[in-house]
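In the two complexes below, chain A is the common chain; its partner is chain B in one and chain C in the other.
Moving on to the complex of A and B:
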């Protein structure tokens, strides 16, 4: 398939899924729909989307042996099997009782299978691997698992979403539920869906995680940012994924 | 020795005075009729505070008659005409603690530190604006007649 045809297909796929989502009373919008045409084109064109550089790096890392076990991701997983994984995470890994996000899953493989040191937060290789895995789900609708064990964590995430906090005494819900679509200092407030992460954010000039994005908002309202390893982020992501159920994964998304 | 202890007590008292609650104020009906700072508010300084995105933060949510600031918000009513719609006393309470008027308001409490959760360390115990800045903003807003 030529890249032009691929782009056309992608645009058609997003357009179709958004049309479907908006055909009913569903008013949910991807951040993609709230950004300008130039940025939409940048995201849609793989040769212009800067996130694709990370996807390509992730593709290489996937095959690279690492850790004292000298194993590559590809030694255990066929990449095709990763299709749909990013659309259903966070999940509870086998033998555990608390959910982890996709980065947590990658780091678990890193330490337990490859016998290497875990990647630190926002590590470029970690983001690249995550982007390569999530890229396999591009266009797939978000489909959180029906695991009943996730319910309390998701409920905790919703509570966090609605909690007013910080010196400015704001909650996620105030902006992203109640005032989405309005202008905050001239910028449209998106609904805050997690369907593009890791995203290439122009403000960052690099790829970044949902955690980093959440921390940006907390910083903005002058609230404490929980430690990178805090369970709050996974709980919030669980709720956000439920809230975005059905929206297509756009990795690597571009956002302002 | 006694002198040192006295000094320590005095310093402790001073420390408490600077970290404790900002100046007290009295709410009467839906407003704060009396200024909360010693110095009279200055409308010019107030306008600069309103226009500053990291001090007043006002234009993130409100628009206002400040044409040089291009990117203004529309989450909240325009500040244009604020001085016609509200009295000085009402404006002062809205800035100090708008939740006293509407508990569900999204307007941040500009001069309240209690009842807040998870405040980032550098801002703990600090109000968004000082008492004097509140007075400056009030002095500016009362000039905004339609």
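Moving on to the complex of A and C:
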């Protein structure tokens, strides 16, 4: 298949999945739909989307042995099994009672299975592995698990989403529910969906996690940012994933 | 570990204008930014990119610190004979990455 045909297919795939996700009264839009045409093209073209460099790096790391167990991800998982995984995280791992996000899951394998040191937040290798895993779900609709144990965490996430905070006394909902589509300085306020993460953000000039994005939003309203390890982010992500149910995973998305 | 994505046609007609696209992972550190310790982070950029077709230069460019990280280069060339296109990036801190693609011209 020529790359042009592949790109055309991909665009058709996103368009089709948006059509599927959106009944006539469904007003949800991916951040992709709020971007200019040039950025949409950059995201759609795998040879121009810089996020693909991280996907490629993740593919290399997937096969690399690490930790004192001297095992690679590939020694325990066939990559094909990762299809759909990113669409249903955060989830509660076996033997635990609190949810973790996808990067938390990867770090769990890092420490408990590979017996290596956990990756620090925004570590390039962690983001690359996460991108490689989530890339397997590209085009898959977000499908949070039915696990009833997640309900209280999701409810907590929704409460955080509606909490007014910071010196500007704003909540996520005021921007992303009530004022989505309007302008904030030069930027269009998106609906705030998590379907592209980790994303290549041009402002960052690198791939970054949903956590980093949420911290940016909090910083923007001059609110305190919870520590990287705080459970708030996973709770918020649970709510965001529920709110975005059915939207296709776009990893690696490009954002301004 | 070098990390490059190249998009080039595998085949072309003689005399056809073809586009070559290449993306490379690189921080393009400007040399003007202070790090968390307040000290300037030393410059670390790609300085030069050269493309050759069967050894003959077909395109080159000089990079500057104002170019963003993970730079993307795209250029057009007229396909004349089958062979190998070599893309070569060199820069600060001994950065030196070469990649090759074969293009059949018929």
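By our rule, the second predicted complex is superposed on the first by the 251 of 256 C-alpha atoms of A that agree within 3 Å, B and C clash if a C-alpha of one lies under 4 Å from a C-alpha of the other, contacts with A are read in each partner's own complex, and residues count from 1 in each chain.
Simple rule for what comes next: a residue touches a chain if its C-beta (ideal position, glycine included) is under 8 Å from a C-beta of that chain, and two chains touch if they have at least 3 such contacts.
All values derive from a computational prediction rather than experimental measurement.
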Original post:
Now for A:182: first (chain B), second (chain C), both, or neither, which partner does it touch?
Top reply: first
Subject >> Which partner reaches more residues of chain A (counting touched residues only), chain B or chain C >> reply: B
**OP:** Name the contact category of A:174: first (chain B only), second (chain C only), both, or neither.
**Re:** first
Original post:
Counting only touches as set out at the top, which of chain B and chain C does A:241 meet: first, second, both, neither?
Top reply: neither
Original post:
Is A:56 in contact with chain B, with chain C, with both, or with neither (first, second, both, neither)?
Top reply: second
Original post:
With the two structures laid over each other on chain A, which partner does A:66 touch: chain B (first), chain C (second), both, or neither?
Top reply: neither
**OP:** Once the structures are superposed on A, label A:202 by its partner contacts, choosing first (chain B), second (chain C), both or neither.
**Re:** second
**OP:** Scan A:48 for contacts with chain B and chain C and give back first, second, both or neither.
**Re:** second
**OP:** Residue by residue on chain A, keep only those touching chain B in one complex and chain C in the other, then list them.
**Re:** none
Original post:
Taking the complex as given, what residues does chain A use to touch chain B?
Top reply: 163-170, 174, 178-179, 182-187, 189, 218-219, 222-225
Original post:
In the complex formed with chain C, which residues of chain A make contact?
Top reply: 2-3, 46-48, 50, 52-54, 56-57, 60, 202, 205-206
Original post:
Inside the complex, what are the residues of chain B that reach chain A?
Top reply: 53, 57, 59-61, 70-75, 99, 106, 108-109, 116-121, 123, 126, 128
**OP:** Using the touch rule from the top, collect the residues of chain C that touch chain A in their complex.
**Re:** 1, 3, 5-7, 9, 21, 23-25, 28, 68-70, 72, 74
